[in-house]
Amino acid sequence: MASSKRRADDHIPEPWARGTATLVAVIGVFVCTDPTALMLFWIGLLLLLYLVGILSLHLHFLLFVWVPLCLGLLLVWGVAIPAGNSAGFGLGSAEAYRTALIALRIGAFAALLQLCFVPLLHRSELVVTLTAWGLRGSALVLAVASMTLIDDLRYRVDQVMSARIARGLAARNTLSRVLQLPAMLRPLLVFVLTSAVRRSELWTHRGLERRLAQIPVENGFGSRSVSVLILAGAIAWLAASLLL
Amino acid sequence: MTELTKRSLFNQQALALMPLCIALNIALGGVVHFLKLPIYLDATGTILATLLLGLPAGVIVGVASFLLASLVISPVYVFFVGTQAAIAIYIYLVARYLHGLLSTPRAIATGIGLGVLAGVVSAPIIVLVFGGVSGSGRDLVTALIASSGQQILNAVMLSGAASEPIDKTLQVLIAFSLLRGSPKGLLERFRNPWLVGNGFLKAPG
Amino acid sequence: MSESYAPAPILLEGPNFSGRTAHLRGFVGLPPVSGGELTQGLSGGAFVAQDSQNFISGLATTGHLELLLHGLEQCPFREDIERLTVQLRLRECLDRNPFTLSGGEQAMLTVLSAAAMTPRRLALDGVLEQLSDASREVMLDLIGGPLATVCATRLADNRLTHFPGLLERFSLRPPGAVPALRPDTPWPGRTTGKVLTLAGIRFAYRRGQAVLDGIDFRLQPGRVYVLHGANGAGKSTLSKVLCGILRPRSGELLTATGQRVQPWREPAGLFAYHFQNPDLQLFHTRVRDELGLVGEPSDGGTFHLVHGFGLESVLDEHPLDLPYVLRKRVAMAATLAMFRPWTILDEPTLGQDDANCLALAAFLRRAAKAGAGIIVISHSRWFSAQLDAEHILLRGGRLEAVVPTEISAEKRV
């Protein structure tokens, strides 16, 4: 186990670098006014997303969020054209430039956010990273517990749905499904309240809040060279977007 | 009591409930997807947390669930954390001072108000970051209003005020019905003045 | 009390409602019911109950971190715990989010976490009930072995009475009359089970990883069926396919006359399915509505179930306000009250004491004799033996009839 940990260390940045680099790069995305540069930056991020193994998450975003947004942009700025804007929607016009910039910014921003934070969610360095970012006590408990409990709630949602079908209570048409929502969500709310009562007792009884801050980790978690590399990349990107 | 509860803003029970509400906010998206329903349930957990735990907890749950949703669902959620905070503030004020969840008609009125508020609050972000679009059927309405010669911000506000109330009213009604149908013994552990004021719990004595 | 004092583990015996849970909670310094006042780390004790998901901290993203959070590094019998994770086949589970584990795996993880804390006092309330016999023996070896040198353990467990030796016992009695299952209840249903042939049923959650790999079997009412299979063998997947929650990738269900049935077109039409966790299956605000009782109970079929399951006194209560033992019974009765040709009951004995289990077994035997189709999933060899059942085993994605001795051999592998 120790060896696999060491290998992981070699590939991930230190917490401070992860936060700073993301911030710098996000500023770069929003000050950049050159669509081509944004496009190239985004493509670079896609490559990194692929290497980290979460490209499919980003493609899902592209298909279900980004493409509809682009269609909406075409509709509003290409067809409807709000007041105070020049008519005509051709290449080179102000609207085309503006919509392209918006679409690329959203895409690049999404890729950046996913690349920097999603790999943290299900990894052991989550607590270390959050601690390094200054989260302590209740705030740390809240952050870690929220991320961990999503899987629990998703599982419950799935189970409650199946359990309802198994009891023969599933509704057929959309209206009755909407009307049944409260009844279906009731076990979930009760589960949530019961869990809160039980878990608060568990945390206090076992002193888990104190223990959370004491989880053993070595100092300087993450690789210094990777940290320097990504920070340099982010600063270079910000400089480029300011100059272009 | 323990030094633990003294030095933090929330007692342990509230602290344990908040992450569950955050996770619920995110997992409810799965319900909608599973049932193929034409609504969102993205504020239900925030509404419930505000009613159960009060204003600071409601705001934290709303903001944190959208931060987290931006990682696990879609990064665009991060731009709407302000709307979530506004929802928590509105629900707290309406529930506490106007007893806006005392009856079904009141809950409907509260929901419509919430929808208008959400539409107005999110409009500047939608215009600034997304060029006025939301990537849903609502863009048709925006385009229609814009083509009649309106400024884009007005068009987004109007389309928001037209579409959000339906969705938000349903969410308020769902939260209302959930709290009404919960076991009283369990709800009793989260007793506060506005749960009593809105009839979810009986006044003592 | 000297430091070296290490009393033997004690088993609390007693029927439902005899106060075992309150005793156990008091033993580790908790108030009798959860939610009362409590001071941090008062007793250096740990408590784990049967709803094991509530005893996962929620502060660790993996099972391994859950153990570290509980102080595994400082634990004097760390190596024993690590050896057990291999023996219990928990190794891969430790890399996953604890909430994605199965009920049995969660139960094992919560007990191991509590042990890793090295508490002075440990109380286990029914949490071992959902483990297979082999896994439970491994856990008991830990409790009676390394753990017993530093920690006083007390357990309440309805099924543990059937293990030989090892533990000292306390007996508790309930204060008065309690709602109990009635052994003489007749099966009130008018519908009878149908002969069904499963032909080549296949199912996979992911392509290439078949969970059900060609189920060929003929189900015939008249005797209770007990469905066996290791954790993850696909027992609940098969149940979901039969119930119509999942649609099989291929294969078909045929009636005695050779007619094809497609459960996914009408879910729960042919098979009603009672889940292991009752809390997920209770949707109404009164027990009465949950059971579908209209007006006052008359001598209809459901009334017999209300009487037989000892639920008369709670008809107007909120189902989710009841204690676990009754929630389990309400959910079971509500599923049976659908009176479908077949009913699948997943771990029906959870939380029920011996007398209630025997009454339930008698009821199910009678129901099957009267023609109802009953399939039981149970880890309890003792309960299965009371059912006079046909034993069927799910192994390698296939279903076969077996004799009980083969099953215990299978579980020891």
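In this document, chain identifiers A, B and C correspond to the written order of the chains, with residue numbering beginning at 1 in each.
Heads up, the rule we're going with is that a residue touches a chain if its C-beta (ideal position, glycine included) is under 8 Å from a C-beta of that chain, and two chains touch if they have at least 3 such contacts.
Quick caveat: nothing in here was measured; it's all calculated off a predicted structure.
Touching subunit A and subunit C together: B.
With respect to subunit A, maximal separation of chain centres occurs for C (centres as means of Cα atoms).
For the pair subunit B and subunit C, the distance between C-alpha centroids works out to 37 Å. Averaged C-alpha coordinates give centres for subunit A and subunit B that are 20 Å from one another.
The residues of subunit B that reach two or more other chains are 2, 4, 13, 19, 181, 183, 186, 189, listed in rising order.
Under the contact definition stated at the top, the residues of subunit C that touch 2 or more other chains are 35, 39-40, 58, 285, 320. Each of residues 121, 141, 145, 147-149, 152, 156, 183-184, 186, 190, 194-195, 197, 199, 201, 203-204 in subunit A touches at least two other chains. Considering their complex, residues 121-124, 126-127, 141, 144-145, 147-149, 151-152, 155-156, 159-160, 162-170, 183-184, 186-187, 190-191, 194-195, 197-199, 201-208, 211-212, 215-216 of subunit A touch subunit C.
By the touch criterion stated above, subunit B contacts subunit A in their complex at residues 2, 4, 7-13, 15-24, 26-28, 30-31, 34-39, 44, 48, 52, 60, 64-65, 68, 70-72, 74-76, 78, 129-136, 139-140, 142-144, 146-147, 149-152, 155, 170, 173-174, 177-179, 181-183, 186-187, 189-190. Those residues of subunit B that touch subunit C in the shared complex are 1-2, 4, 13, 19, 181, 183-186, 189. On the subunit C side of its complex with subunit B, the touching residues are 35, 37, 39-40, 58, 285, 318, 320-321. Interface of subunit A with subunit B (complex): residues 61, 64-66, 68-69, 71-73, 75-77, 79-84, 98-99, 102, 105-106, 109-110, 113-114, 117-118, 121, 137-138, 141-143, 145-150, 152-154, 156-158, 161, 174, 177-178, 181-186, 188-190, 192-197, 199-201, 203-204, 209.
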